[in-house]
Structure formats: C-alpha cells, structure tokens
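Following are the structures in question.
Same chain, two partners: chain A is paired with chain B first, then with chain C.
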Partner chain A sequence: MLDMKYDGADLRSKRRPKSWIDRVWSFFASVKVGLWLIGLIIVGSAVGTIFPQEMYIPQQLPASQYYTQEYGTAGTIYYSLGFHNLYTSWWYISLIVMLTLSLIVASIDRLVPLYKALKYQPVRRTDRFMRGQRLIGEGNGSEAQIDMMEQSLKAKRYRVKRDGDALLAEKHRFGRWGPYVNHVGLVIFFIGAMLRVFPSFHVDTLEWVREGDTVALEATGDEYYIRNDQFILEMYDPENNEEDAKFAEAIEKAGAVPKNYETELTLFKKTGTNEDGSPRLEEVETGSTKVNHPFKFDKYEVYQEQYSSRPEFLSMSFSVGDKETGDIYGPFTVDMNDPETTYDLGEVAVSLRDLYPDFEVRNGEPDTKSPRALNPAFFFTVDTPEGASESNLIGIRMNVADENNRYAIQFAGTEMASTSGLRVKSDSTYPILIVGGTIFMIGIVMGMYWPHRRVWIRRHGETDVLVAGFTNKNPSSLRREVSPLLEKAGLPIWEDQAMFEKQTDANSTNERGES
Partner chain B sequence: MTKESKSGDRMQQAMAHKKKRSFWRLMVMTMVLFAGAVVVMQLIEQAGSDGRVAAGDDAPNFKLVSLDGATMVERETYEGKGLLLNFWGTFCEPCKKEMPVVQANYSALQDMGVDFWAVNVGETPLRVDNFVNDLGVDLDYPILMDTRSEVEKAYGIYNLPVTFVIDENGKVIEKYEGELTKEKLMELAEKSL
Partner chain C sequence: MEWIQWSSRLLLIAFILYAIATVLFTIAVSGMRKDRNVNRVAYGKIAFILAVIGFIAQTGYFIMRWAGVGYAPVSNLYEYTTFFGMMMVLGFLVVYGIYKNDVLGLFAMPVALLVIAFASMFSSDVAPLIPALNSVWLKIHVTTAALGQGILAISFASGLIFLLNETSMRERSKSRTWLEVTMFVLICTLGFILVSMLFKGIGAGGVVEFTNDRGGQETYEYFMPILFVPEGAQLLSGASGLSLELPNFINTLKLNTLLWSVISGLVLYVLLRFVILRKRIAESLQPLAKKVSLDLADEISYRSVAIGLPVFILGGLIFAMIWAQIAWNRFWGWDPKEVWALITMLIYIYYLHMRIQRGWTGTKAAWLCVGGFAVIMFNLVFVNLVIAGLHSYA
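Let's turn to the complex of A and B:
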C-alpha cells in the first residue's frame, strides 16, 4: 500500500539537508524532536511538584535557605535548578520556546507540501496509485455507470471533479487542516504563557497589611495603596446560629472551623509626594475582599489569601489604683507604634520609661525579641504626689512591682490588630490564553469529526473500472457510505486491503508520524 | 531554444527558489528564537531582582529623620563620596556588638569622605533611645528611624545586621550581611569610594 501521509507529498525536511539553515530546520521539523521536547516538559513539570513552589513556602526564610534547610541536598539541587519557580525558570521557558519553534517549523514543513499536493491533485490517478489505496475494487463497468455514480456522490455532498472517464469525489478536505489550526492555537497559547514573564502583562505579589495600616502595592508599581480597615474572621457557630447548627457534628469533630475570611479595605491612589517624603494619597474607593470574591480595581484583583494567626497589639490601656484610698486614676492608653512618654492623671503622673514590643528576658535584662507588638511589656514609673517615684514592669500575665508601692498599675484594655495577607494580581494574558485555547479546540474538533474522504473512479482497460477510496480516519465508515452507491450503480464493490494484508503499520514507525 | 538552455533556466529558477526558501526559514527560526531569548533574558533579570536590593542595583531613595529628631537625611541629596547604609534592631545581638566598633572608627570614615547611616527597623524612638543610652558609648553617627518600616521594605531586608556599600553615584557596590568588625568596616568603606 502507498504511504498516504501528507498525501505522499515530499516533505522538505526529508530531502538531504545542504546548508546549516536546512539542518536546523530539519531538526525542528522532526516529530521525534517534538515528542522529546514534550516529554522533557512533562518530566520537568512533574519534578516541579515534588517540593512546593516558591510562592507557597513560608515568607520568613529566603528561598535560597529554605529548600536546603527543609529538604537537604535534594532541596539544594531543586532550588539551584530553578524547580522552585518552575514555570518561570530559564530552562523550562527554553523548552517551551523550542517546542513552539518545533510546532511552527513542523507545521510549515508539512502544511505547505500537503496544501499544494491537495490543491493540484489530478483527477486521473495512475493504476499504481489506485491499487495502493486501502479501499480498492476492480471489475466490469462503463462510463455511464461512472456518470450515475457522480450524481449519487453529489447527493452525499461530495465535491466531484471529472476528467473524461475519470472521477474524483472529495469531501471534508478542511479536516486535514485540523492539526495545523491546533498548532496555531498552541503557539498562541505559548505566546500568552511567555508574556506572563513581563510585569506589564502579569504580576502577582503578596502584601501583609495590618489593620489600620496603609501599604504601597508593589504589583502596581507603588501607584496604589491599600489600607486594611478591618480583618474579619468568622467561625462556624453551631450553638448560636441556626444555619450552622446543621454542621454541628462535623464542627465538633474538626474543632473551630472558619466560615469567612474577609478584609475591608480602602484603596488610595498616589498623586504625588509630600514634603517629608511620604506619599500624597487620594482615596479612590472602599470595598472588601473575601475568599473567592476578589476586590477589583484598575486591571488588578486583590484576593484574601492569608492572615497572621498572632494578632499584634495596637495599644494598651491601664489605670492606676491607690492602694490606700482605693481611688482609681485613668485609664490612659499607650499607643504601641508611637507611645507618649508621660501620662498626667491628675493626682499622679505616669512615665513610660521603656516599651518592649515582644518581651523576653535576655542576660537578666528585659529585652525584645522583635519589633512586632506580639507580647508587649511596659516599664512605668508612677510619680506620687509626695514626690516619690515607683517602678512597675507590666506585661501580659506579669506585674513586677515593689510590694510597698502605694500605686498599682492595672490593665484596662487592649486594642489588637490582625494582619491580613492579600494577594494582588493582574493578568492581561487571559484573553490570549483563551483565544489560543479556543483555536486549539477548534483544531482538534476539525481533525476529529471531519475525516477527509476521497473516492477515485476510472476506466481500466476496455471493460473494467477501478474504484479506490482514501480517508485519513475511519475507513470502514467511508466504506459503509460509498459501497451502497457502488452497488446501486452496479460498479465493482471495493474491499479493505488492510483486512487481508497485515502490513499497514510498516510505515507508521518511521518519521512521518501523523501530526 | 535548445533543450539544454531550458533546463539551465529551470536550474536557475530552482536555485532562486531555494535561496528564497532558505531566507524565510532563517527568518522564522530567528524570530522565534529571538523572542524566546528576550523572554529568557527577562527571566534572568527578574531572578536577580526578587524585591531585595543587591550589588549592582541602584539604591532606592528615602528620607528619614534621625533619632533625636533634629535632622532629616535623604539618600539622593547625600553629598559625600561613599556611604555605608546599615540596618539594625535593638533585638539583634550582633547589631549591638558592632555599634561600638563603628563608633570607634567613625572619624576615620569621615576623613575618607564616607558616612555611616544606621537605619533602625521599625522600632519606637523610646526603645531605641533607651537602647542607645544603655550601650555605654556615645554614638556620633546618625541613627535613622524607619518607624513605618518603609525603607526596610524597599531594601528587602531579611537578616540583621546588613550593610549596603553605596558609591557616590548611588549604586550598591556590595551588600554585606553580618556583624561588622574593624577590618570589615574599613574594607567596605574602601569599596564605597
């Protein structure tokens, strides 16, 4: 049987390469190379899932240290080969670029000769060609019968061409372009994927914003600022909420189950810089972001992604009690970020001598572990009306003071702030990816559901007629479609050669894979 | 026309055709590979800039007020030759240890035309003031208060202490993470010139 791939057309890359340009071209035109590239991309993608990607690791450690610390040598290798940022690693992108080139080159290399071969195909084919087809029949027949066949093929929506006593009927040729349309879609898709590397097309950053704080959004090039007005964490409450009571059993098993994470926020736009270097901000709008319901502005989306499980103290209030009279003075409030150092309460005055935002005792001295107000402690002195000064070290569940002190400082309240982790994203490549994906699907459908079918009929000798059929998919269906017509016209019925000869696959192992 | 010259014509045509084809092949491959190279270059550039200022980058500008509130400095208007920009916190032991060393050599640095700015990362003036007083050494070099942690964020600070060596054009020559010894301090100062 004849090799009908690309309609027997001569693939350019199969000719003996002469110059280096042709050699490179042939390399990329090879299906084997394309399959290797796809294989490598799949293996690379698979390896990239072994350890978490960089965006999912904790923020405290830089990635260069995290992978080694967490996963040892394997982690070091993983990091140094760029698997931690797989889709933007240079080698992964290089593979995608080569695959793109391979798709383009292989498509041109096949499409051009195939197109020409089909466009200029003769109606009258050689004896050898006809007998080389999978469906072939030979027997008695006349030109009148061929004319009759022409009509019935037309009724089956074949496009029929005649050349004297020879006939060519064809339908669904465009199905042959399916793979190439598919490749075009893929190439567009890859272009979209590669554009994601450029910040003007795709940005994605995580911003930690404490309640009350305003931060510049790096993703917007610091053009926009967001203030966290309130972070809301709602738990399922089966006891007080009828709706939630349905899940009481499950909640009991799982412990506290969050129902809603939400950040109420205000968006600002930077309009200039103030004298002291701080940004001049103009309020744009207020809104909120919940899980799966991002806050949208400009071309950006703000997703509620994380929150800090340890809220920070914004301020703490205290009052001063007179142990002798029972009088209470105050309360007064200490702002953790910008504390006053003296608090005049009338009878007594309190001085804040020191403030340890994250208290610990180091080398026998009070100290702080970090600048974050997670576990604050305060060193106060109370100036009594008698002119004495009494020291107090107050912290959470800690009150170090002289027993003989007349005044005692007590907690009166706290104001806490949660920190919300917001992911700010913008992706202008979605339309490109959607267009690419759609074209890809159209290509697949074209190639899948519209098999290219051709029927050749011609006189052979004085009394005989040759009938041959070709299809790139599902030959038995072509047979079922046309055999009754042949029967009706009284022409020889064709047979499927492949049913008798078990040799058809000999050619498919070579380089010309159907693509 | 003879048969031979006809086939010669056809040869010439085929050659011209082939040349044209080679040209287009080269064009297609070059364009795809060039676009790919641009993407890869962009990636490599981004890999270097993960939001953290490193050697070779331009030092981001900032304006900060000193601990005593008396002076305000701006990176861009700095007029000395070199600048050592140090980040520190009261909770960081090596920071505490390096401060007397810096103080002892500060006049030598100034003679070289190099200034030393110590930016505190997001603490209250109260705490920093107490810390500096407890240090037992008077510091002549400026302690700058980054109370809102904005400069810290702009420079992408992870570990403390860290010292950026900045030349007179505002370019970061080196980023040194770790405690400064006298030798290291002088070495960094030399580099900033």
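Let's turn to the complex of A and C:
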C-alpha cells in the first residue's frame, strides 16, 4: 500500500541532511522525536505527583526537613533530586521548550508540501497510485456510469473534478489543516504561558483587610483603595434553614460545613492628596467578592482567598473605679489602630504606657506574638489626684495590679472585626492564552470531526475501470458512504486492502514485516 | 428525600437493564448456532434497545438526584463515578450507532457495569456543597470531562478486542501475559465489590484507635475483617482477627481493603481459570473477540479517541482551567488531578501521533488504549483516595 501521509509530498526533513541546520531541522521535524518528548513529559509529570510539590506542603517546616520527616528515605531522595519543584526545573522546562520547537518545525515541514500537493493534485492518477490506496476496485464501466457517479457524489456534497473519463471527488479537505491549526494554537498558548515569567505581565498581591478598614491596593500601584464593609462567613444550618435540612445527617457526621465566604466591599479611586498628606479618595462602586465570584474592576480581579478564623479587636473600652468612694470614671476607648497616650477622665487620667496587640509572656516579660490585635493587653498607669501613679496590666481575663491601688481599671466593652484575605490580580497574558486555547480547540475539532475523503475513478481502454478511495480516518465509513453509490451506478465495488489481516498472516509464518 | 429514593430505584433499574443487555449481547455474539443470522440480529437489537432504556433510566436517576440534592450530582466519588459509568454507556451507544457491532457491547457494557457497581461502594449520603464547588462550572466542567472519559473508555473495550483477537494464546509473549494481568485487575475490581457487599452485610469490620506520626489520636473504621493495624492500635469495636501491626506511616486501612480485593480476586481467578473455564481468561474470550476483524477493532478504537479526546480536552482541561481561574485564581497549579488530566491528554495525543509513525499501529496502539483507560481510572481512584490534593472530594 502507498504511504499517503502527506500525499507523497517531498519533505525537507526527509532529504539527505547537508548542513547542521538540516540536521537540527530533521531532528525537530521527526515525529519519533516528538513522541519521545511527549513520553518523557508524561513520565516527568507523573513523578511530580508522587509527593506534594513544595508549594503545597505546610509552611511550618522547611522543605529540606519536611520531605525526610514525612516520607523517610524516599522523601530525602525526592528532595535532593529537586523533584519538590519539578515543574519549574530546568529539564522539565527544556522538554516543554523542545516540544514547542518540534511543533513549529514539524508543522512547517509538512504543511507547505502537503498544501501544494493537495492544491495541484491531478484528476487522473497512475495505476500504481490507485492500486496503492486502501480501497480499490477493478472491473467494467462506461463513461455514462461515471457521469452518473459524478451526480450521486455531488449529492453527497463531494466536490467533483473531471478530466475526460477520469474523476476525482473530494470532501472535507480542510480537515487536513486541523493538526496545523491546533499546533499554532498550542504554540500561542505556550508563548502566553512563558510571558508570565516577566513580572510586567502580571501582578498578584494578597491584601489582609479588616472590617471597616480601607487599604491601598499595591497591585494597582496604590491607585485604588478597598474598604472591607463586612466579612460574611455562613455555615450550613440544618436546624434553622429548611433548605439545609436534608444535609443534617452528613453534617452530624462531618461537623460544620461552610456555605459561603464573602466580603462586602467599597472601591475607591485616589484622585489626589489632601493637605495633611492623606490620599483623597473618591468612591467608585460597592460590591462583593466571594468564592467562585471574584469582584472585577478596571483590569483587576479581587478574589476571596482567605479569612482569619479569629476576629481582631478594633477597640476596647475601660472605666476606672474608685475603691474608696465607689465612683466610676470614664469609660474611655482605646482605638487599636490609633491609641492615645493619655485619656483624661477629669478627676483621674489614664496613661497608656505599652500596648501588646497579641499578648504573650516571653522570658518572663510581657511581649507580643504578632502585630495583629488578636489578644490585646495594655499597660496603663492611673495618675491620681494625689499625684501618685498606679500601674495596671490588663488583658483578656487578666488584671495584674497592686492590691493597695486606690483605683481599679475594668473592662467596659469591646468592638471586634473579621479580617479577610483578598487576592488582587491582573494578568495581561489572559487574552493570549484565550486566543491560543481557542485556536487549539478549533484545530482539534477540525482535524478530528472532518475526515478528508477522496474518490478516484479512471477508465482506460474501452471498458476497464479502476475505482480507488482514500481517507485519513475511518475507511469503513467511507466504504459505507460510497459503496452503495458505486453499486447503483453499476461500477465495480471496491474492497478494503486491510492493514492488519495481512499482518496476522505474516505473524503465523513468523515474518512480520512493517508494511 | 422522596427524590433521592426514586433516583436510587432508577439507578438500580438501569443497572439491571445493563446487566440483561450484556447477557443478550453475549448470546448475540456466541450462542444460537441454529438460525444464527436471525437470532443474532434480533438479540443484538434487543440488547441495544435495553441498553438505551437503561440509559434513560439512569438519566432519570441523575435528574432526580439533582432535584433532591439541589446541585449537579457530580460532587463526590459516588456521584462522579456513577456519572462516569453512565457516560461510558452513552459513549458505547454512540459508537454502536455507527458500527452496530455486538461484540463491542459484550466488552464495553461489563466494564460500565463494573464502574457503576464500584461507584456504589462509596458513600451515597446527601452532602452539602462547599463554597469552592458552588459554581455553574461544576456542571459544565465535570460533566464534559466525564463524557470525554466515557467515550475514551470505549477505545479500551475495542483495544481489548484487538489484543484478544491478535495475541496468540499458544506461545508465551508479553501481550499474552499482560492481557491476563488486565483480566486479573478487572476480576479484582469485581472481587472488591463482592467482598465489600458481603462484609458490610455481615458487619465483619471494626474500629481501632491509634497515635499517628504527628502525635494525634486517630481512628480507622474498617468495613472488612482487620488484617493490618497501625503500631500500638487499640481495638474499640469489632473482631480483631489477624491484626498484624505495621509502622504507622503506612495507611493500614487502605492496605487492608487492597489486600482483601486481591485475595477475593485471586479466589475468583483461580475458580474461573482452573475449575470453570480450565484455561486462561483471555483465551476463553478470544473466540468472541475473533468475531471482529482487527481492522474494525482498530478503527473503533481510533474513532472513539477521535470523538472522545476533543470532548475530554474541552471539559477536562479548558473548562477546568477557566474554573480554576475563577475559584482558585490560577488556571493551572500542578495539582495532582490537573497533572493526571494532562497525562491523560498526552497519552491519547501520543496514540494519535504514533499512528503516523510507521509500524507503530496495531498492537502497540491497542495497548496504549488500555493504558489510557488505566490512567483515567488512576486519576479517578488513586488521585482522590491516595494522593491528597485540591480535588479530594471523596
């Protein structure tokens, strides 16, 4: 049988190599090399899933220790071979780059000759050519029968060309371009993905915003500000919500299940600077961002990515009691963001000497674990009318003061707020990826769903007729489509020169050839 | 709850209809020596019609469960695997519509049956949907990906037919060995389903408590007789049985299930091979596979890949990337499920390109169809249960 892959076209890569450029060209144009690259990428990708990649391991431990501790010797080997960052390793990236080169070279190598071969194909083909096709029939026929065949093939939407008593019918030739179209799409997609290496193409920052706070968005170059109006964490509630009642059993087993994470927010644009140096903000819009529904503005997107499971204290209020008279002074409120040094309550004054937003005792001294107001403690002194100064260390369920103090500080109230972790992103490579992906998909569908089919009929002598058929996929479908037409016209019915039945014969005589 | 009950009933009806269809396909292919032509055609036709009715019943299951739970029922392993089985049947119906080949039914339907039975081993509880899954893309991405995988799975059935037809059973060869291994794996899956039902029915499991390697207390709930427990485990309930202690970085619960599947598979295999059939399983199936020409088997494989791969790429990669961008704000993150979807695509792309290469069609291509299905099942089962990742919704 004839090799009809590129319609017998002359490929540059198949010529005898002359220069090193020819050799490189032949290397990348080779399907075998492409298959090797795909195979290696398959194996490499699979190896990367044996243990989690570094980006997915818990952050408490450095990777150098984590893999050994969690997976023993295998983990140590995995880490030392660099498989914990496999997908950004030099060899994995090289494989992808080589595959891209292979896509480009192999496509050009074949597309141009194939295009020419199909564009200038003759209607009348040689005996050898026709007998080399998968479907071939031989017998008697007349010009009139071929004319009849022309009409019935046209009815099946074939484009028919005649050259005297020779006929060529063709359909879905454009399906042949599918592979090249999808390769172009893939190359565009890869280019888009590789552009992300350059920082100017995308910005990505995580902003922690407490309820009520307004923060500048670094990703926008501080052009935009966002205020967290409210953070909503909603759980499934089978007892009080009728719609959730059906989940009661599952929730009892698994524990509480979150239903919604959402931040209601207001977007501001900076229009200038006030006299005191603070930004002049103009409200743009209000909206919300929740999981699966990012908030979009300008070219940016705001994703609800995280939230703090512990709310923070916005402010705490206290009052001061006189143990001798029973009088109460205050209350006064300490704003956690903007605490004052002294709170004057008339008779007495309270000075804030120190503030620990996230209180702990370290080395016997009061200290703070983090700058976030999760567990605040305050070191106050009360300045009495007598001129004394009484010390108090006050925190949550903690009040350390001298017994002899005349004044005692008491909690009077708190104001708390949740904190939402918002991911702000902008990526100018998206359009490239979308275009690449779309072209890729179009190419795949073109190539897979439109099989190229050709039928040749040729008469030689007075009555001898040859009928041949070609398709790049599914010969039995071509047979089923055209055989009835041949029968109706009374032309010879073709037979399938099967590929494998012969191989099976060859197997039994133990001389399996690559036909 | 009414909806859910009806959906379960419909699923059972679909399962029974598929089973009957499988039997009829077998008769159509092998039996009825007398009046062969008449009966064969009739049996094949009835089998096809039953499969269609079964598919309609299963569609009913899908719609009613959707109504019952309030979201597209493809959110956990039970729902997804059931749907995947349904899409396999759909893929078969489409390809049968083109080729009208009963042998394909004989091989494709049992695999679909196995998949659906396997699905019922997972919890079918109605669970609330977590915010990450609450999106229109759940139905778009997951259903399209499953449809693509279902059609691709048909190439597994026809690939098997090709290999069973082509491999000589008289002499030793790699193909003969691996075919028998493939049969053994399928039998182990059946074994797993049977022992699970048996042990759940008689309550042969137990619960143990142990200290895990992070120092926390953990419990394992066994549904099968306990063969392995973690080091220093305390039995809370059930029978202890053999209870071999193993170092606790090994998940003994999963190992226990695996071992019972292999044991039951071995028992079934030995019964079939040495008592009932008295020859290799592959050899017993060979006469049935011989009824399809190698060229047709190869063409059906190729066609299912040609139809299924674009659907899979669209659903399993492109829609997946769009949703990942919306939900996780990155379209690609090298999560194990994503990587294995990429590998699935690459395997079939490898298959398509190797057909261009001389001498690589035929047996090698058929084995690749088997390998492709193995990757799909690996991504479904192991990536969810063994490799933890963002997609572990079991």
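Basically, the second predicted complex is superposed on the first by the 338 of 515 C-alpha atoms of A that agree within 3 Å, B and C clash if a C-alpha of one lies under 4 Å from a C-alpha of the other, contacts with A are read in each partner's own complex, and residues count from 1 in each chain.
Methods note: contacts are C-beta pairs under 8 Å (C-beta built on N, C-alpha and C of every residue); 3 or more make two chains touch, one makes a residue touch a chain.
These figures come from a predicted structure and were not determined experimentally.
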After the superposition on A, what does A:V291 contact: first (chain B), second (chain C), both or neither? second
For A:E138, decide between first (touching chain B), second (touching chain C), both and neither. neither
Touching A:E223 in the superposition: chain B (first), chain C (second), both, neither? neither
Of the partners chain B and chain C, which touch A:P357 in the superposed model: first, second, both, neither? first
Tell me the contact category for A:D322 with respect to chain B and chain C: first, second, both or neither. neither
Chain B or chain C: which reaches more residues on chain A? C
If you stack the two complexes on chain A, which partner ends up touching A:E415: first (chain B), second (chain C), both, or neither? neither
Once chain A of both complexes is superposed, is A:W25 in touch with chain B (first), chain C (second), both, or neither? first
Interface residues of chain A shared by chain B and chain C, listed none
Once bound in the complex, which stretches of chain C touch chain A? 1, 68-70, 98-99, 125-128, 130-132, 134-135, 137, 166, 168, 249, 293-296, 298-299, 302-303, 306-307, 309-310, 313-314, 318, 321, 326-327, 329, 331, 333-336, 339-340, 342-343, 346-347, 349-350, 353-354, 356-359, 361-362, 383, 387-389
For the chain A and chain B complex, residues of the former touching the latter: 12, 19, 21-22, 24-25, 28, 61-62, 82, 85, 88-90, 93-94, 97-98, 100-101, 104-105, 108, 194, 197-198, 216, 218, 276-277, 336-339, 341, 352-358, 367-371
Tell me, which parts of chain A touch chain C in their complex? 3, 5, 31-32, 34-35, 38-39, 41-42, 45-46, 48-50, 52-53, 55-56, 71-72, 87, 236, 243-244, 246-247, 249-251, 253-254, 257-261, 290-294, 301, 303, 305, 423, 425, 433, 437, 441, 444-445, 448-449, 473-477, 496, 498-501, 503-504, 507, 514
So in the complex, which bits of chain B are touching chain A? 21-22, 25-26, 28-29, 32-33, 35-36, 39-40, 42-44, 46-47, 51-52, 62-63, 72, 74, 89-91, 121-124, 126-127, 130, 147, 149-150, 158
